[in-house]
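For clarity, chains are labelled A, B, C, D and E in written order, and residue numbers in each chain start from 1.
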Amino acid sequence: MSRVEVRNLWKEYGDQVVLERISMDVAPHSFVSLVGPSGCGKSTFLRMLLSQETPTRGTILVDGQPLANEPQPDRGVVFQKYSVFPHLTAVENVALGLEFERAPVTGRLFGRARRAALDEAGALLEGVGLAAARGKYPAQLSGGMQQRLAIAQALARKPRILLLDEPFGALDPGIRADIHDLMLSVWWDTRMTVFMVSHDLREAFYLGTRVVAFDRPTEKDAARFGARITFDIALDPAAPIKERLREAEHGTATDDLGEELAAMAAQADRDDPAPAPSTRRDDPAPRDGETA
Amino acid sequence: MSRVEVRNLWKEYGDQVVLERISMDVAPHSFVSLVGPSGCGKSTFLRMLLSQETPTRGTILVDGQPLANEPQPDRGVVFQKYSVFPHLTAVENVALGLEFERAPVTGRLFGRARRAALDEAGALLEGVGLAAARGKYPAQLSGGMQQRLAIAQALARKPRILLLDEPFGALDPGIRADIHDLMLSVWWDTRMTVFMVSHDLREAFYLGTRVVAFDRPTEKDAARFGARITFDIALDPAAPIKERLREAEHGTATDDLGEELAAMAAQADRDDPAPAPSTRRDDPAPRDGETA
Amino acid sequence: AAPSAQAAEKTSFKLAWSIYVGWMPWGWAADNGIVDKWADKYGIDIEVVQFNDYIESINQYTAGAFDGVTATQMDTLGIPSVGGVDSTALLIGDFSNGNDALILKDGDSVEDVLGRDVHLVELSVSHYLLARALATLGKSERDVTVVNTSDADMIAAYQTDDVTAVVTWNPLVAEILSMPNATKVFDSSDIPGEIIDLTVVNSETLADNPAFGKALAGTWYETMGIMMSDTEAGRAARAAMGKASGTDLAGYDMQIASTKMFFDPAEAAAFGASEDLKTTMESVRTFLFDHGLLGDGAPSADVVGIEFADGTVMGDESNVNLRFTTRYMDMAADGAL
Amino acid sequence: MTRLVNRHPDRPTRLLLAMLPFALLIAAYAIGSDMRLAENPNDKLLPSFTALGDAITRMAFTPDKRTGDYLLWVDTVASLTRIAGGVAIATVFGLLVGVSVGLLPYARATLGGFLSAVAMIPPLAILPILFILFGLGELSKFVLVFAGIGPFIARDIAMRVAELPTEQIVKAQTLGASTWQICTRVVLPQMWPRLMDSVRLSLGAAWLFLIAAEAVASQDGLGYRIFLVRRYLAMDVILPYVAWITLLAFSFDWLLRVLQARLFPWFAPEGASR
Amino acid sequence: MTRLVNRHPDRPTRLLLAMLPFALLIAAYAIGSDMRLAENPNDKLLPSFTALGDAITRMAFTPDKRTGDYLLWVDTVASLTRIAGGVAIATVFGLLVGVSVGLLPYARATLGGFLSAVAMIPPLAILPILFILFGLGELSKFVLVFAGIGPFIARDIAMRVAELPTEQIVKAQTLGASTWQICTRVVLPQMWPRLMDSVRLSLGAAWLFLIAAEAVASQDGLGYRIFLVRRYLAMDVILPYVAWITLLAFSFDWLLRVLQARLFPWFAPEGASR
């Protein structure tokens, strides 16, 4: 639930310009999908929103204030590379944020407080379908399971801004749909502002209230020109549509969904001069019931 | 271009059964897509095909012979976690396989032979869109770029069997389509047999001549029951259709593609008693030309 | 810690001793309550600390951590006295009478050492012994090559083919001589009385606390009395000292045989008052001066004054830092302790 | 033919192979000893196995006449106490300083260079100063062991901390961790197993320094005994003592390895399955 | 307030901080020295800076009366030659053995345990045997330095090899690499920078062993001089020598660090950007 303003942002690594002239004004409780070719600087952009890196030029304001100069619990993150803690079990990984909050000195809860935190963490794990892997260490989990763990961990502290870097890439469609649900309901309940990098355009359009694409003007001379915003579509900031979409998904009218999405995209098309691709949603995921 | 027979394969880690009763007979020059929920054992299955791990029970035959007991250049691989060599530049990473082949003693080519190998490698890099990153080390590449590098590296030795573990997960749709093309044409030219794990069902159906799904019978008691094959659809072993699909993709009749795929799936449906989900293909990828 | 050891009046004292044939009595006396007995008599405390590394014990004494130490007269002059610690030779325990020796492979006279690499602990009494041995031929150190070799490694070194000449002390001498092809061509009995083993104390401390000196002298000569006796107790004492130095009774007796122990305080006092001592010290300080050990700016061997029992001073009278006295040995001889 | 990288010896072969180099060493010793004894029956450098056995019986199983103690055990207890003390101090120091230097830019700026420099000082060269500062008692022995391995452990741990992915530290901050909490919940717990590796690597040096300390001033301890009998070239005592030290250190090394695997199941090097 | 983990000192502050501990050390020395000299103007333990300066002038810039050499430089050349030789042998050995043990199951079965055991043997305790085997000349000094750090480097490298992801080794095999090719093209090149770290960590120990070796039988070298003048508690010579050794070792450490960054741009610890 924070307004994020990005003003004329540049990022260079040595000679190489990665991003240039990035500006956007993100309303509170937006869900911004970031898309663009690999290597164009999406992760770099998120790292700057996180204060992990500093822009070469330009500023980022959150609720009118310059960004804190270090990562804070107001901004949660799920990294592209798995970033869970290898020395903690799944449930401990999720509970860690709660322990940080509730035990400032020891960083560790005991007795009832600890059980309570573990219970909360367990509930979050259940939400991402990892209830059975509760006591496992990350090294014992598959790639997708680790990624889900990272999502649960990031949600535990209920950040006001959530940064997701290809969070669902390693998930199968069944689980992915569940986690989309979870994501949307958490987003709706906590009214947080989300930035999500995704390579799945359907996902980007389905989840986002706004889709922003980065790209370089030319492939030649890649080092001299950074990526810019090539299109920026506000899909519909009014959340109820998302809610309806979610409900629709749970229902059986799956075939209608594609049309809904197309309509949505079409409307976005009218709002914005940039040519948006036509979009439909259909999910060929074989549900357990259908195939077992 | 190898027939792969898998006979009653089991894999257990300690008490946990990961895979059980996996049997399949894969014709030469098949393109097998493996799908299934995360953590069900797809990567484990590939590792066994690679001889990186040994099955707890059961056998794997390649062209009627038991699998060599160690990884060999007849089976190439792209791992889920990036497995390029950090100490070599992109082009050196790709050329490495050629050097292994052509310089058995030193493992290193010099002079003209080296230039020739680097040129070949450069061509492959161009194929995956990394021509500009030729001299960069993996740490300087984004996640998706590293994954493309791994693909080029695996193709360099023209393996007879290629194992891909979510190879396209980190790629944006534009690049992904290009690499699909590349993949199909290499597959077609070299007539290799491909096993690909993917969470993107459209991709699985689009690329595969056969789609195999793994899943556990129950979510409870996950440790006691391993995943089995829950469906196995031969889409169409005759390659020309793929060729047509590929051509169609290059053309403008993008909208028709979805129907083609659906038809294809429907036919597969008739061939196979297992209920296949209805499938359509549409690619909302914004091509450079459309959006810039 | 350092300065307090030299402070004026006090009641507790520390003596450092190291493992060597002539100093083993200190360890035995401490173990058998003789030190405590005499300390109690004078109402003081004496802590006797064993060192395995001789040089480190002198260094610690020089740095002020101890009130007394066992050392040769040459090292006393060269280390604490040069280092500004005014030291008194309280007790003359013995002089080396064959304990230090020049040993050759394939050679039977001192001449044979010429031109060889001689392995020894540089700047130690071994070095001095070599210089004296060469002097008997009218030669100097230029006629050999000195190779510094730590005493701990001397025996092993001798076993290698690289080494054909060594100068060292007991028990190493005995060990080396027990090997085939080892001939002693010169030893300290050829320069009797020139390598003297002392118990040295800080002069200031002694001046302020004569009780410390008396207690040490009392302890020493009671111990001497026991160990020299040809009784069961004497043998037991020597056996224990031998054991503590890593050998047995026979080995220890053999070492004593090549040591001129002053069991009798009167004899020690007489040696300490003799004119020969002055000659010896002249020769020793010249050796030290030649090797740059009397200080870097030292214009001559006179920089450090040496006071003898008769009150005469050799060298700079305003910088007397080594004092020989027979006072406490006399007291022991007179039974006045 | 299977590649060498993929060939795993089975259990009995593994045992056999493990014993092979030891067996060769013993055989070489036996031959050398025989040759020298044939030449000079009194040779002390490489005593026969009988002589070694006698010495072991004497030192380990016969009470000392004077004190009634079994010397080997007295020495062992003394040395183990000292080395345990020294290693314990060095470990605590190494962990604290290493984590600070690895994690906190200010600590790194202040101590990074100093630590590298201090690690290069040969402690044996400044013994007189150490003894004046810390006395000649047990403390100075702890200090020498500590001075010998403390800076090493600290530098090693600092390198390991620096190897933690930045993502982890950033992630912890987004979860609200303070610097202190990052230390105690994220960095320290991950350093325990690495600390064990570090201690294992420095154990040899620790014994070296202990022996050096005991050789200067002490009245018991394994190093003291070796030093004492060394001037008689009593290799029949020295060799069993050295073997015993090696065995003790090796057992401790092994114990650490087992403990590491037990206590930190999550910590397995990437290639551990190879 | 910014967390301590995120606070980076700027360049001048960094320089100041880096010098701080050195300055404190020097100040502590100055005070201690003054106090002792006030008691005894001839005190040898902590000589004044003037005395240290004199000693430096004498050793480094005045020809020796007897030989006409500048002693410090003669000693330095002698010691550097020896340490370079010893470290070079140890490095080659450590790399070869470490890579084999880390990569090949058979080598690990054979040498893994042996190496751990050998690393625990205190070389100084078995000097007599080393002398017999290698003589008293330069060779034995190389050998002592080698024996001191060789096993350490080998074990360290073996651990690092084991940390390489299994995927890399498997990947190389799918590209057709033989065991030999895996060694030379995949493992060895990745070990170079790690080897540099390993050498850096063992440099302190290398000097220690060199000094010990030079105490045994030699006529020049930094360790020789230190032991020689230790007999006369000439701390005015010892301290500059120790400082010089520290400086040399530290420079080499720094050189290795710079070289590592230059030669292996791909090798940066995960958290290097912190």
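By our rule, a residue touches a chain if its C-beta (ideal position, glycine included) is under 8 Å from a C-beta of that chain, and two chains touch if they have at least 3 such contacts.
The chain list, named the UniProt way, goes like this: D, E = ABC transporter permease.
Nothing here was measured: the structure is a model prediction, and the numbers come from that model.
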- Centroid-based (C-alpha) most distant chain relative to chain A: C
- Message: Top contact pair of chains, counted by C-beta pairs?
- Response: D-E
- Message: Only C-alpha atoms count here: how many degrees separate chain A from chain B in terms of the superposing rotation, rounded to the nearest 5?
- Response: 180
- Note on the structure: Between chain A and chain C, the Cα-mean centres are separated in Å by 83
- Query: What whole-Å value do you get for the distance between chain A and chain D (ABC transporter permease) if each is reduced to the mean of its CA atoms?
  - Reply: 49
- Let me have the rounded angstrom distance from the C-alpha centre of chain C over to the C-alpha centre of chain E (ABC transporter permease), please. 38
- Message: Where in chain D (ABC transporter permease) do residues touch at least two different other chains?
- Response: 3, 6, 45, 128, 132, 165-166, 173, 178, 233
- Query: What are the residue numbers in chain A that touch two or more other chains?
  - Reply: 70, 81
- Query: Among the residues of chain C, which are close enough to touch at least two other chains?
  - Reply: 2, 59, 63-64, 155-156, 159
- Which of the chains touch, listed as pairs? A-B, A-D, A-E, B-D, B-E, C-D, C-E, D-E
- Query: Hey, which residues of chain E (ABC transporter permease) end up touching chain A in the complex?
  - Reply: 2-3, 6
- Message: List the residues on chain B that touch chain D (ABC transporter permease) in their complex, please.
- Response: 69-70
- Message: If we count contacts the way the header does, which residues on chain E (ABC transporter permease) are in touch with chain D (ABC transporter permease) in the complex?
- Response: 3-9, 13-14, 17-18, 20-22, 45-46, 103-106, 109-114, 116-117, 119-126, 128-129, 132, 148, 151-152, 155-156, 159, 161-166, 169, 173, 178-179, 182, 197, 201, 203-205, 207-208, 211-212, 223, 226, 230, 233, 235, 238-239, 241-242, 245-246, 249-250, 253-254, 269-274
- Along chain C, where are the residues that touch chain E (ABC transporter permease) in the complex? 2-3, 6, 55, 58-59, 62-64, 75, 78-79, 82-85, 119, 121-124, 145-150, 153, 155-157, 159-163, 292-293, 296
- Can you list the residues on chain E (ABC transporter permease) that touch chain B in the complex? 165-168, 170-178, 180-181, 184-186, 189-190, 264-268
